[in-house]
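In this document, chain identifiers A, B, C, D, E and F correspond to the written order of the chains, with residue numbering beginning at 1 in each.
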């Protein structure tokens, strides 16, 4: 008696299953488009496409004493088309994530260990919103606005940042200004920074011109 | 005197015509992406890409006494990128469309023949919204919420369901729970259903483990 | 033993329930915005907000021998924010839904009774896509393009049109041209229609100037 | 010499500042709409609107041995309009977050402590994607699909879930089926569950009818 | 001392750079999709992809004494995925851009030289909004609505039109009605225009049937 | 014979007209939301809501020798909900629009008079895309990326910038860093700028701390 139900159910909805687009794991071998990457065929997708173990502790033995480890669509193709991604932030004592923006996403930071002083700057009268966040605290950074995080405690800090896009982008102001061949004269004119200051930071970050 | 107008009009807007994307009939032979399928070349598109005659009466000679016939993007490529699709519902006397969700779309049901008792369950305090619909009545089922339709009349019922997406998805709760290899123990733990109940329905629907 | 589960479950998720926005039934007494109307309080919403019985047969005893009865957000507030709406089309023998566009939505037509000749015009080389639709046939009209429906059979025709927006808009070309105070000279200049033709149709439709 | 620059800069961009909508902290006292809540006036917004300390450890002394603590727009108005939110998950040993969906969002889970077995069910052939996640692992749950998390380790587990919406919604299948007044007969017909099973779980969860 | 910073910064964010989708210059050699064209590889993109010199003065030595020169995605691939495009309008004395719609975009017109009388027609009671625009004036035309521009001054007029889409579409009513093989009978029925008027304009614009 | 048509047409579509949301002119007296401002009642809207004459020449008698005059939703409420806005840029000889971002929009610049050197910086390897634009040239600046414009010619320059949002936002890096009370120490730590440089620019721009 139950066999017919099984048989008929299978037939019944069979055709609709071909049109299900529950997910769209990125096929990174194909060109992406404005909405993300083309999807891998569902039949080739496994549970490993939806989980990721690459958010390991970053190496903070560097001058900023910090590391950012992303799980964006390029690292974690399972998030393609789903409007979300994550990154891990490690900050040693005195560690700093310098001023930056995410051109295409808002961010929520969750502090897991340590104490982080974080802030963002609004374009409304250039107000700065600054908070000291302890373990378990969260903070939101609205899309596209300049923000930063620094370890303001006496121990290592760990946090996870979630983004409202699979490819939030990351524009570090110092890199944008000093780590390319943007002519010094032009940079001075458009930032009001002194030539000497620009040359100093271009030297540090490998910029030319 | 009229010839020049024809000639010049043709030239005038010629270049803009290459950029018209009035529609995007799905090329199902190419991989889809988060926004749908790549478009067929406009020059190969005909009127037959925009009409569909496949919404024929479904076979309801089965235990649920019902049939769902979709015109989603996989069946009707003309809806690709246009934010809408349709399905036909046939319910014999005592027919049932069991509890299900559409993960990616809201639905409007239009009753064409017969009487249908339909309902959906909100996550706000788990309120159930239940209506008996007669010929000509319509009902909206908000995106992603559990809902069902049953023939509550004494004759065959026919309805059309419209969806706010070309690929609304369809997750039948019974299929999700009992028609796969999800381990019985795990299912019991996460649904509070009795082991015996789970085994019974897995047997009916072909689930294993 | 079961009481605690009930008790604790209730507490457990209580706070999240306040943030559920499963649906947003329009409060038509408040001003709308770009995304639709503000929501009625969930506690005042009933099953009657999600069903609608107003799609009754339209009166086709008129010169176009046709009637359009909408269930857009103004008539059926339950669709607010859900990306979909519906209208009923009645066409007596020789009935015509004249050339029009929906500025904000694509449309799927489902023919329930009779035979309808429908078409739309692409801006790609002004191609016309024309189909004769019988009972059960469907056709898609991409957003914003000029289209029409006429009863091409020998009996009354009935169809339902679904739209990819709760407020699809409706711009009938004849009304836009001839049923207002757009100066005849200006209309002639911008449409190439003869003055006599314009005056004739302005007289029919009540236009002035 | 510098004074004029200050003076003139202030004037220069003054009018554009009034139109900045960098953020839109929810004014929960006003009715929400399809896109979220109206914004508080920027002048009344402080840094406290952008940070939240309410994600405290949940009380897991209950039968599911688990707790979900949300920071959705209702708890954390700063996320309004920004496409993202967060929740904290506490699972004691043997703790379970039962089968549920988020009708309006995808989710990324980050495991902070312990071991979690998590899975979701696709509507494509009802495939189950199941993973055991250890500290630091992440998993994505696509929008609207049934999923669950259980503590599969020998210690307490802690995780944060991020969502691609400020109001992701939360529909627990057991609550939707058994924690309301949905008639037992109707539920049996639409879920194929036995009457006895339904009555048992209605008793546990406080459902009637 | 500076070298390590350079070295480490480079490593630090290296992996995230692969996922940046700051822009998506259209690869017009590949099929487009609902969201636009696939992206060219960032490494092949140059500054010339982001600038365009093709908006040269149009030839207005024609009967409408006007020319539209578009910089839509087909002409200017750099706008792909960015939600905006531009066109140049040249109107000689007595020049006319005839009644048309953009099915997929709103438009802002900026008058650079001369005097333009522009108008659009709402579907709300068919109200016409008509303005005479002088040098420096701007006007907004909401998405999908019929509108036109005529040179109402005594000198050549120049304007730029910006659109809220990289492929706004362009449907000129006269072309849609008279510049194809739409049968005269059908057109008469659906527009109420006289057969003679239709035949006259079909002759002008090259329509058949 | 024509009178009935007029009469019946009026009745026929009357109910649908109430639901038309062709446009949504901002009512700036009400609180805005994530999608923009509530709409003025259509009956109070006039042609003056859709045109704007406020893009007058800016006063460039200042140190940057430049002026930005916006027609965003706050100045030009007619663009509300329509995904587009415009600003006028005046640059005297040697004028500079300093480094800035628009957090919520892409921009197209159209040069009307003079010669402008414009550039933006990608976050992909910090590449700078730099172009000299002459009269009639256009350039696209993708959303959220740092960019600037300078008058690189020998005469006054005039340009119009269109944005893919009614409220694109405007964050000038110098203002964000130096024109508020962001502590100098914190700014030095997060930008690597020298304390002396920061103090100098804070003095110029009126920053404290």
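The rule is short, and it goes like this: a residue touches a chain if its C-beta (ideal position, glycine included) is under 8 Å from a C-beta of that chain, and two chains touch if they have at least 3 such contacts.
Protein names from UniProt, one per chain: A, B, C, D, E, F = Germin-like protein.
Computed from a predicted structure; not experimentally measured.
Common partners of chain B (Germin-like protein) and chain E (Germin-like protein), by the touch rule above, are A, C.
Interface comparison, C-D against A-D: more C-beta pairs in contact at A-D. More than half of the residue-numbered contact pairs at B-E reappear in one of the options A-D, D-F or B-D, namely D-F.
Interface note: chain A (Germin-like protein) and chain E (Germin-like protein), two copies of one sequence, contact each other through mostly non-matching residue numbers (shared numbers fall below half of all numbers used). Centre-to-centre separation between chain B (Germin-like protein) and chain C (Germin-like protein), using Cα means, comes to 20 Å.
If each chain is reduced to the centroid of its CA atoms, chain C (Germin-like protein) and chain F (Germin-like protein) end up 34 Å from each other.
Averaged C-alpha coordinates give centres for chain A (Germin-like protein) and chain F (Germin-like protein) that are 26 Å from one another.
For chain B (Germin-like protein), the set of residues that touch two or more other chains comprises 17, 20, 22, 30, 33-35, 103-104, 119, 123, 125, 130, 142-145, 169-172, 175, 179, 204. Listed by chain label, the pairs that touch are A-B, A-D, A-E, A-F, B-C, B-D, B-E, C-D, C-E, C-F, D-F, E-F. Those residues of chain D (Germin-like protein) lying in contact with chain F (Germin-like protein) across their complex are 2, 4-6, 8-10, 12-13, 15-22, 24, 27, 30, 33-41, 80-81. Across the complex, chain D (Germin-like protein) meets chain A (Germin-like protein) through its residues 17, 20, 22-23, 42, 46-48, 50-53, 55-56, 71, 76, 78-79, 82-86, 88, 105-108, 110, 112, 120, 122-125, 129-131, 133-134, 136-145, 160, 162-165. In the complex of the two chains, the chain A (Germin-like protein) residues touching chain F (Germin-like protein) come out as 96-99, 101-104, 117, 119, 121, 123, 125-128, 130, 142-146, 148, 150, 169-177, 179-182, 186, 189-194, 197, 200-201, 204.
Interface residues of chain F (Germin-like protein) facing chain D (Germin-like protein) in the complex, by the touch rule stated above, are 30-35, 58, 62-64, 66-70, 72-75, 87, 103-104, 167, 169-172, 175, 179, 203-206.
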